[in-house]
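In what follows, chain A forms one complex with chain B and a second complex with chain C.
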Partner chain A sequence: MDFFGSMDISASGLEAQRIRMNVIAGNLANAGATRTEKGGPYRRKDVVFESSSTEFSKALETASGKQQGSVKVVDIVEDNTPFRKVYDPGHPDADKEGYVSMPNVSVPNEMVNLISATRSYQANITAVNAAKSMAAKALEIGR
Partner chain B sequence: MINLDKTFNLLESAMDVRASRHKAIAENIANMDTPGYKSKDIDFAQVLRAKVGEGVSMAATNTKHIQAGADGSASLEAHGLQSDREHGLDGNTVNAEGEMVKLAENTLMYNASAQILSSNFRTLRSAIQGGR
Partner chain C sequence: MDLRGIGSTSYLSNLESAGKTAETSKPQGKDGFKDALLDSIKSVEAARSEADESVARMALGKGEDIHKVMIALEKADISFQLMVQVRNKVVGAYEEIMRMGV
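Let's turn to the complex of A and B:
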């Protein structure tokens, strides 16, 4: 009986989805930010998920005694699609023609991703609860 | 006398296999959004047979069921079934609804095995105490 291993895998799913939700929240919060530290408008960010069953990480995880088959966020990348051009001559960041470069964040898209992340998070919670109920049932044997 | 030893052994093995199957399902759920991830499953009957020997026989009712082998190994990798259907463009083959159904079924069957094991222990205790 190895329910802790299963729970570790589910926990990795929860963590990955939480990071994804944080990134989505950041995108939504900055949907109108025309200035960033690097200069220029905010660029949409996205997470990269990886299953630890790939050849290299498999060897690494086995060596470090970690659970195989768990998921993790290996990178947070920037979306390189062009910025939205909005005509707003009064804006302090408008160019000579009066156009402002707005972040390439699409609010409906982010909302859909947010719902997807929430559902995946809930599915992982269900898996944890199932493991818990099975372990509790096993402890009742012989009572 | 009823051969309780055999039943205990069978139920114990069944619970072990259910626990490994839960691990495979949890893995699929955790990797629901991982591009290129191929979903896994464990053929319960096949792995159980490998664990307890030929004392138990189960029919292959699905073409995906692996035929009984003489290896006797019961590892997740050796008997993990991989689905070949893709549900999205990213190469991920996890069917979210299917996994949740499998999770519920597996949990119920595990709990049922635990309950039967429990009641067998009560039977044994009743025999020890002479029905008192």
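Let's turn to the complex of A and C:
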């Protein structure tokens, strides 16, 4: 049923925005983390969205009965901008000159991304509700 | 849900053929009122059980997203409403026929 198809597309958008939300939450939580498993401070992460409109995925999704035009998170990449240098000689991770490399996370930027993710999520929910009300209206035909 | 399933077992096509000639209206076991209803009920059942599983996964904390649960529930809701409409139409047609004077 086609109404369900548009719902599935919106569901993929919701899923993608939720993953983005997780990544942003991770960035905010690690805004002050100077140590990671790989060594060095935390690097800001970002999501890469992909629309499933490439030829191969189109064929695959038609074959598997999935809905075309959905979005998905294909990768979570690291932001390679340089780390922030903060003068704090008392910090255990400070270098010889007393500077500490802090994560390249900008809290105001992350807040803006947070709002963007929330609004995109809401937009997808509005689309689901619109599809639902269209289906409900269709059921009123002849009543 | 398969809308064509309801269309193919349409009671209307039965009525149509019944109206043409008495000869062509052979009793067919497959396309009765009962089967039309049962088909739509089955398609609702599929959507309902999917919603059910989704809610169960959510309740058990198996990492199900809230939006997935809600969308599954919405799908089940729409399917159910469609089934109710089909039932109303089928029962309406049946009653209409029963009211026919002989």
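We take it that the second predicted complex is superposed on the first by the 142 of 143 C-alpha atoms of A that agree within 3 Å, B and C clash if a C-alpha of one lies under 4 Å from a C-alpha of the other, contacts with A are read in each partner's own complex, and residues count from 1 in each chain.
Here is the rule we use: contacts are C-beta pairs under 8 Å (C-beta built on N, C-alpha and C of every residue); 3 or more make two chains touch, one makes a residue touch a chain.
Just so you know, these numbers come straight off a predicted model, no measurement behind them.
Novice: Mind checking chain B and chain C on superposed chain A, clash or fit?
Specialist: Overlaying the two complexes on chain A (C-alpha atoms) leaves chain C and chain B fitting together cleanly.
Novice: Please work out whether A:Ser51 is in contact with chain B alone, chain C alone, both, or neither, and reply first, second, both or neither.
Specialist: first
Novice: Between chain B (first) and chain C (second), which does A:Arg18 come into contact with in this model arrangement: first, second, both, or neither?
Specialist: After superposition on chain A, A:Arg18 lies in contact with chain C alone.
Novice: For A:Ala94, select first, second, both or neither according to whether it touches chain B, chain C, the two together, or no partner.
Specialist: It touches nothing on chain B or chain C.
Novice: What is the value, to the nearest 10 degrees, of the angle subtended at the Cα centroid of chain A by the Cα centroids of chain B and chain C?
Specialist: 40
Novice: Please work out whether A:Ser116 is in contact with chain B alone, chain C alone, both, or neither, and reply first, second, both or neither.
Specialist: first
Novice: State whether A:Ala130 touches chain B only (first), chain C only (second), both chains, or neither.
Specialist: first
Novice: Identify the partner contact of A:Phe3: answer first if only chain B is touched, second if only chain C is, both if each is, neither if none is.
Specialist: A:Phe3: touches chain B and chain C.
Novice: Specify the partner with more touching residues on chain A, choosing between chain B and chain C.
Specialist: B
Novice: In whole Å, how close do chain B and chain C get at the C-alpha level once superposed?
Specialist: Checking C-alpha atoms only, chain B sits 10 Å from chain C at its nearest point.
Novice: Taking the two structures together, which residues of chain A meet both chain B and chain C?
Specialist: Looking at chain A, the two contact sets intersect at 1, 3, 7, 10, 143.
Novice: In their complex, what parts of chain A are in touch with chain C?
Specialist: Those residues of chain A that touch chain C are 1, 3-4, 7, 10-11, 14-15, 18, 125, 128, 132, 135-136, 139, 143.
Novice: Tell me, which parts of chain A touch chain B in their complex?
Specialist: Result: residues 1-3, 5-7, 9-10, 12-13, 16-17, 20, 49-51, 53, 69-71, 116-117, 119-120, 123-124, 126-127, 130-131, 133-134, 137-138, 140-143 of chain A touch chain B.
Novice: Residue numbers of chain C touching chain A in their complex, please.
Specialist: 1-3, 65, 67-68, 71, 74-75, 78, 81-82, 85
Novice: Under the stated contact criterion, what part of chain B meets chain A in this complex?
Specialist: 15-16, 18-20, 22-23, 25-27, 29-37, 40, 96, 99-100, 103-104, 106-107, 110-111, 114-115, 117-118, 121
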